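Worksheet: one structure, shown below.
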Amino acid sequence: MKKLLTLLLVLPLMVNAQPEQPVEEWTGKTILVIGGHPDDDHQSHGTLAMLKDHGNDIYILTMTTGNVGTKDPKISRNQLSIIRRQEQLDAMKEIGLSAEHYINLGYDDGRLEFADREEVVGKLVYYIRKFKPDVLFSFDPGYNYVVWQKSDHRAAGYLAADAVRAAEWRLLYEGQIIHDGLTAHAIPEFMFYGGNVSDKNTTVNINDYVENRVAAGMKYVSQWSSGWKDYKGPDLDKYPPDDREAIENRVRRRIFVKDGISYERFRYHKGPPDTMGHGPRD
Amino acid sequence: MKKLLTLLLVLPLMVNAQPEQPVEEWTGKTILVIGGHPDDDHQSHGTLAMLKDHGNDIYILTMTTGNVGTKDPKISRNQLSIIRRQEQLDAMKEIGLSAEHYINLGYDDGRLEFADREEVVGKLVYYIRKFKPDVLFSFDPGYNYVVWQKSDHRAAGYLAADAVRAAEWRLLYEGQIIHDGLTAHAIPEFMFYGGNVSDKNTTVNINDYVENRVAAGMKYVSQWSSGWKDYKGPDLDKYPPDDREAIENRVRRRIFVKDGISYERFRYHKGPPDTMGHGPRD
Amino acid sequence: MKKLLTLLLVLPLMVNAQPEQPVEEWTGKTILVIGGHPDDDHQSHGTLAMLKDHGNDIYILTMTTGNVGTKDPKISRNQLSIIRRQEQLDAMKEIGLSAEHYINLGYDDGRLEFADREEVVGKLVYYIRKFKPDVLFSFDPGYNYVVWQKSDHRAAGYLAADAVRAAEWRLLYEGQIIHDGLTAHAIPEFMFYGGNVSDKNTTVNINDYVENRVAAGMKYVSQWSSGWKDYKGPDLDKYPPDDREAIENRVRRRIFVKDGISYERFRYHKGPPDTMGHGPRD
Amino acid sequence: MKKLLTLLLVLPLMVNAQPEQPVEEWTGKTILVIGGHPDDDHQSHGTLAMLKDHGNDIYILTMTTGNVGTKDPKISRNQLSIIRRQEQLDAMKEIGLSAEHYINLGYDDGRLEFADREEVVGKLVYYIRKFKPDVLFSFDPGYNYVVWQKSDHRAAGYLAADAVRAAEWRLLYEGQIIHDGLTAHAIPEFMFYGGNVSDKNTTVNINDYVENRVAAGMKYVSQWSSGWKDYKGPDLDKYPPDDREAIENRVRRRIFVKDGISYERFRYHKGPPDTMGHGPRD
Amino acid sequence: MKKLLTLLLVLPLMVNAQPEQPVEEWTGKTILVIGGHPDDDHQSHGTLAMLKDHGNDIYILTMTTGNVGTKDPKISRNQLSIIRRQEQLDAMKEIGLSAEHYINLGYDDGRLEFADREEVVGKLVYYIRKFKPDVLFSFDPGYNYVVWQKSDHRAAGYLAADAVRAAEWRLLYEGQIIHDGLTAHAIPEFMFYGGNVSDKNTTVNINDYVENRVAAGMKYVSQWSSGWKDYKGPDLDKYPPDDREAIENRVRRRIFVKDGISYERFRYHKGPPDTMGHGPRD
Amino acid sequence: MKKLLTLLLVLPLMVNAQPEQPVEEWTGKTILVIGGHPDDDHQSHGTLAMLKDHGNDIYILTMTTGNVGTKDPKISRNQLSIIRRQEQLDAMKEIGLSAEHYINLGYDDGRLEFADREEVVGKLVYYIRKFKPDVLFSFDPGYNYVVWQKSDHRAAGYLAADAVRAAEWRLLYEGQIIHDGLTAHAIPEFMFYGGNVSDKNTTVNINDYVENRVAAGMKYVSQWSSGWKDYKGPDLDKYPPDDREAIENRVRRRIFVKDGISYERFRYHKGPPDTMGHGPRD
C-alpha cells in the first residue's frame, strides 16, 4: 500500500524530467531569482551558493520591500524597509553575491496584489530582457493546478510567470526595445520553489553549501529571532542569549535532509513558458 | 481497492489535525462569519446555532446584498436587496442571532469581483479589528490548490483570506488604528466551508440544532421556494400548497447525515494565516 | 496496479456523466465557442466540423486578435492581426463556417489580463444573450481546482465562466436588455477543452472529420509552419519544401487516437453555471 | 461701460469664426450628437429638428440610461431606464428622428465617471467610425479653460473630446478597423452646447422649429413635470391639471429669445480636434 | 479705469447672491466641512468658531491623514499621522469642537488622487447621509471654470462635489440606505473656500472670533513652526524662542482685513448641487 | 479702449514676476523638460539651445513614444516609434544635446490618459530625484484655471505637476530613496509652455538661436512635411521639391516675433510646487 502511495507521489517526477545536466554541474549560466519579499530566496540559498561558486552569474530581484512584517511596535515601515534591505545584502554576501546583484522594485509589502499588473509585469520584463537569464528561480505558480499562497506570494508567482511569457515577444512592452536598447528574451529553464512537495521533481545536493545557507539565514534577524518582536539591530550578540541558537536551529530545521545529505527541492521545467504550468494536454 | 481510495481521501485529515478542543465544547469565543451573499452562511447554521447556545458571540458579515439572483421578472434590485436582508435577519433569529450581529457591505451581487480590492479588503480588515474574532468562518479558498468557485464565492474566498492576513499587521490599513481607535488582530483559528469534500478534516455534530438550521433555511423563501420565480412575500402560506414541503425537503437534503447523526463538515485550520492554504512545505 | 491508476483517473467520468444524447447525435443546437486567440478553437475543429455538418449553428468568438505571437522580426502587430484573422477565416471555411460566424473582440494579444474585467465580461454577456447558445465550448477553468494556464488562456477561462453566470440574470448588464433588445439567457450545456486530461469525461469520435480538422489546422501558417519565423503569406507553396509536411504532421500529431479511431476529448458539464467547476459539495 | 463689457464678452466670437455656411443652410450632412443622459440633447432640439428637415442624417448617442434621477420613491433603476428611453424616443419623434437613430451605451447614470475610460472612449470611437459624422454636437469641454460640470456632464465632455481625437488615428482602437470593417475618421466640425455663454460664437435661428422643440421637451414627463416626484406614465392628462402648462412653460423658458426670434447658441469649432479647446497658441 | 476693473471682478457677486440670511445670523444648522488634509479647514476657523458659538452643529471630515508633509527626517508616516491628528483635535478645541466631531477617512497624504473614486465618493456620501448637513464647507471646485489645485486639493474639490450630487439620489449607493439605515439627502447650501478671489461673493465678519482662529492655527506646530523641519512635540516652549511669534504672525497674516475688520471670504452657493459650478446657461 | 484690453491681458504679468535673473543669463543649472510626445519640447528649442550654450545641463523626458500620429497608411506603431525617436535625437543634436540626455518612458501615444497614474507619476518622480533639476520645463497645467488640452497634453500637464509635488517628500515613493539611492528633491523654478497666451509672463530672446530652433524643427519630417502622409525617410531630398521650404516656413511661422526680435514665451513660476497653478489666495 505504502509503495503505491509513493508511486503516486513520484508520478510527476517521471513526467517532468530532471535537468539533463545536473544542477550540480551547471556553470556559466545567468540566473535570475524573482521573489516577493526579502528572504523568499532563502529556500534556494544552498543551491545559489553552489551555483555562484561554480561560476554562474546570479541576480536576485525582490518585488516588495518587506516593510510590513514585524511585531515590534517601535518600527516604522521605512525603518523596516531599510533593515530588510541590509539583512538581504548581508545574507547575499554569505552566498557570495554583492549588492550589485540585488534589485528591489520598491512595492509595499502586502500591497503587491493591488498594484497595476501591467506595470509590475513590465518592470519584470525589463529585468528579464536586461539580464537575459538562462534560468529563472521563482515561486511555483503550481503544476496542473494553481497553488494557493498568501497574497504577495500568489502575486509573485503569477506575475513572474506572466513576465516570463511577455518578455519573449518583441511586440510586447516594445518601448523597452525601441527606447531602452533591450531585446526580447525567452528564458529556457525554470527552477520553481515553494510549491507542493508532491510536485517537486528535482533535488539539489547542497551538502557543501549548507553552512553558507545557514550563515545567510541567520542574517534575517528581524524575521526569525526575537527581533521579530523587539528589534535591537543586526548583531545577534545584542539579543537574549538563546536567540543565536534559536535562529540557527530554525534555519537548519528548514533544510530537507535524507540519508544524512542535505538537499533543496524544486520543480524543474524546461521548454516554452506557456507549458510551465502543466503536463501534456490535447 | 475501496479501502485504498478511502485512505487516499482521508489523508488530509491526518495532516490537518482537528481542533484540540472539539467545536461542540467551544464557549466564550468571538466568531466572525464572512460570506458573499445572504444565505452563504446557511451551510454552517447548525454549528452556529450550537455555538450561540453555548455562549459564543457571533457576527455574520455579508459582502454583497444578493440583489441579483431571482427569476421573478417583477422584482427590482433594491426590492431584492430588501427581501434578502429580511430573510437573512429572519434566518439569523432562528439560530439565536439578532440584527445587531449582521453586517452587510452593500456591494452589488455579481459585481464583487469588479470592486476595488484594496478597498474591500480594507473594510473586512476593519471588522476583523473591531470584533477581534477567535475564529473565522468563511468559504474555503482551497487546500494546497485553489478551489474553483463562482465569481462572488471566489472573490469572497480570497478577499477574506487576504483580509485575515492584512488585519494582523499594524503597518497595513494603519489609518484604522490611528484614526478609528482599532488595533491589529491575528485570527488564530479557521473553519472553512464550501470547499472540496476531500479537504474536510472536521465534523461537527449538529443533531440538537438540526431544527434550528431547518427553520433558518426555510426563511430563504425568495431563493429556495417557488418565490424564486414568483415572489409573494415571506409567508409560505401565500405560496402553492407544495412549497412548504418542497423547501423543507431541500433544506434538509443538504445536511450531511451519517449513521443517523447530522453533521456539518469543515476544513479546520489553526496557525498563522499564511499557512491556511497548504500543508508543510520546504 | 495499472488498473488502479486507470480507475483513479477515470473517477471523474463517473461523477460527471457524459451527455445523455451523444455529441455525435446533436442537431439543431446553437453553439458558441469562446477562445482567447485565433486557433484556440482548433482543438475542437473535428467536433465543430461534425456539428456543423449535422445542422448545428456555430459561432466562434475570439477575445484577442493574436497580434503578438510571432518570431518574424518583420511583422507588425497590425499585420499579424490581419494575418491571423485571415487564417482563422480560412480555417473556419474548412469546417464549414463562414465569416459571419466569427466575432473578434479586438483586444491585444497578451494584454487581456489587463483589460477592465467588467467591460470584457459585458461584451461576452452581450454575445451570449444575442446568440442564446445551447452549448458553450471554452477553455476549461478547471474541475474542483483552478487549472494553471498562460495569461490569456487563464483570462479566457475565467472570463467566459463569469460571463456565462452573468448572462442569465436580467438584473446584470441590464442596459443590454433595456436598450439593445436582448433577454437574459442561461447556457445549459458546456464542453470544456484545454484542461487536465484527468478531468475529461467525454470523447467525441471525429473520424469522419479528421481531414477537415487537418485542413483547417494547416491554415495557421503563421503559427505552425516556418512562417512563425519568416512569414511569406498564406500559400504553403512559397515556403521551404518540407514545410507542408511538417505542419501537417504537427496538426495530425495533436489528435488523440485510440484503437485507430480519432477523438477529441472534453470535460462535459450540464447544469447551472454555478456548478460548472466542481462536484457536489455540502 | 456697458459697451466695453459687451465687447469683452463678444471677443471670442471674433476669434472663433462662425461656420462659413450658416447652420440654417446645412444639408446632406451626417450629424452625431453625444450626450450623457436622455434629454441632454434637448438644448439642441430646435436646431436638430431644422437640420433633419433640411435633409441631414442625425444620430443621437447617450452614454448613460438616466436610471437614477428621480424623486419618486416607487421607481426602480430599471423602470426609470425604460421610462427615460421611451421619453427619449418620443421626443426624437417630435423632431423627426426614429428609434433607429438612437444609441444608448447603457452605463448607469451617475457612474460614468467610474467606468473604464479606455473602454468608454473605444465605444464612442466605434460609433464615430461607423457613422462618420461631418459634425459632432456635444457638451462643451470648455474654451481655453476646462468648464466645470456635474460629474456625468464632465465625463461626457472630455470623453467625447478624447474619442474624437482617437477616432481619426488608424493606429488607435485598430481592432475595430481590422475586425469590424471600420476606417479611421476625423470629424471636421463641432457644435458645442452647455458651455459658458461667453464662449458661444454661433446662434441658430430656430424660429420655425420652436414648436418641435417644445413638443419634444414636453415628453420628458418624468423629469420636468410632477412626474419627477410621482410618476403616473407618459400621458400628461393623468397628472394634476397644472402640470401640462407648467412643463410647457419650463420648456419654453429655456429657449433664448432676442428681438422676438428664438435661437439656440453654440460654440462652433472647425479644424483638427486637437485645437477644439483653445485659441491659437505659440 | 480702476473702477472698471473693480466692476469686472465684482460681477460674479451679482450673479451669485449672498445668503439671504447673513452667515452671522445662522443658528441651529448642521454643517459639514470636507477637506483634504488636517488644516485645510483652518481658513474657515473664524467662521466655524462663530457658527459653533451661535448654536450650529459642526463636523469636520478630512480625507487624508496628512502623513507625508514634513521636512523633519526623523518622522515616519505613522508618527506624522498621529501628530497631525492631535494638532487637528487641539485646533478644533479652540473653536469649540470636540473629537466626536472629527472624522478622518484614513487615506495616505499625496495619494488620494490614486484611490478608487467610486469608493471614496461612497464614503463621503455615507457621512452626508448620516449627518444630513444644511451647509457644506469645502474647497471650491471652481466657478464656470475648473480651478487648478495641488493633487489632493483637486481631488478633495471634485470628490466632495461628486459626493454631494450622489448623496441626494436614493438609487445611488443604495446599499447604505437599505443596509445601514440611512436616507438620501440633498445639501441645500454651500460655502466654498480656497478658490479664486475673484469668485468670492460672500464675506463673513469674524472679528469676535479672530483669537479663536489664531489660537487654533497655532496648534499646527508641525506645519507652520520650525517643527516643520525639526519636530519637538506640540508644546511651542520647546522650540526656538522666535517660533511662537513666527507662527502667530504667519497665522494672523493669512486673515483678510479691510478697514480694520477681519473677514473670511467664500463663494456661497444655494440651489441644486448640479448648478454649484456655474452661472445660468441655456 | 484698446489700451484697456491690453492692460487686462497684461495683468498676470504683474502678478507673476519674471525671473530675477533673466533666463538669458542662466548658467550652471540643471534643467529637465517633460513632454508628452517627441516634438512637444520644440516650442522651447530656442531657449534650450541658448541654455545649453550657456553651460546648463539639459535632459528631455518624453512620456509617450509618439507611435500613433501619422496619416501614412504604410507605417506601423513600432516603425513610427523608431522614426520619432530618431527625429527627436536629430533635433536635439541641433540644439546641442546628445542621446544620453533623452529619456522616453515608452507609453503608447494617445493612451497616456489610461495608464496607471501612481506608476507614471512614480517614474517621473524617479527622474526628478535622479537629475535634481533647478528648473522644470513642461506644459502649463494652467494659471488659476485648468487649461483644456488634448488628452496626452492634459495628462502630461497634470502628471508632471503631480510628480513635482511628490518628488519633494521623502515619505512618498520612498522605495526609490531606500532601494535606489535617491533623495527627495524640490524643484524651485518652472517654465511653462503651451498655456494660454494671456498667462505668459516671461519672454526669452532667442534671436541668436533661431537657426538652431529651425534646424531642429526641420528634423520632424514625419510630422510636419508631406512625410505625414507618405513617409520616405529622414532625408528631405527624397520628398517633393516644395517640402523643404514648406517645413521651414511652418517651423519659422510658429516663432513669436516682435519688433524684429524672436522670442519664446513662458509662464514662469518660482516657489513651492503647491502654488504653481494660482495667484495668492486666502
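A, B, C, D, E and F label the chains in the order they appear, each numbered from 1.
Convention: contacts are C-beta pairs under 8 Å (C-beta built on N, C-alpha and C of every residue); 3 or more make two chains touch, one makes a residue touch a chain.
Everything numeric in this text was worked out from a predicted model, so none of it was measured.
Between subunit C and subunit F, the least number of touch steps comes to 1. Listed here as common contacts of subunit B and subunit C: A, D. Of all residue numbers that take part in the contact between subunit A and subunit F, over half occur on both sides, making this a same-residue interface. By number of C-beta pairs in contact, C-D leads over the other of C-D and B-D.
Between subunit E and subunit F, the centres computed from C-alpha atoms are 35 Å apart. Per-chain CA centroids place subunit B at a distance of 43 Å from subunit E. Look at where the CA atoms of subunit C average out and do the same for subunit E: the two points lie 57 Å apart. Residue positions 4, 76-78, 118, 142, 145-146, 171 of subunit F are each in touch with at least two other chains. Pairs of chains in mutual contact: A-B, A-C, A-E, A-F, B-C, B-D, B-E, C-D, C-F, D-E, D-F, E-F. Those residues of subunit D that touch subunit F in the complex are listed here as 4, 7-8, 117-118, 141-146, 161-162, 165-166, 169-172, 273-274, 277-282.
Put simply, subunit A touches subunit B in their complex at residues 1, 4-5, 43, 67-70, 73, 76-77, 80, 110-111, 113-114, 142, 145-151, 193-197, 254, 256, 264-265.
By the touch rule above, subunit C contacts subunit F in their complex via residues 76-79. Across the interface of their complex, subunit F is touched by residues 65, 77-78, 81-82, 85, 104-108, 115-116, 118-119, 171, 173-176, 178-180 of subunit A.
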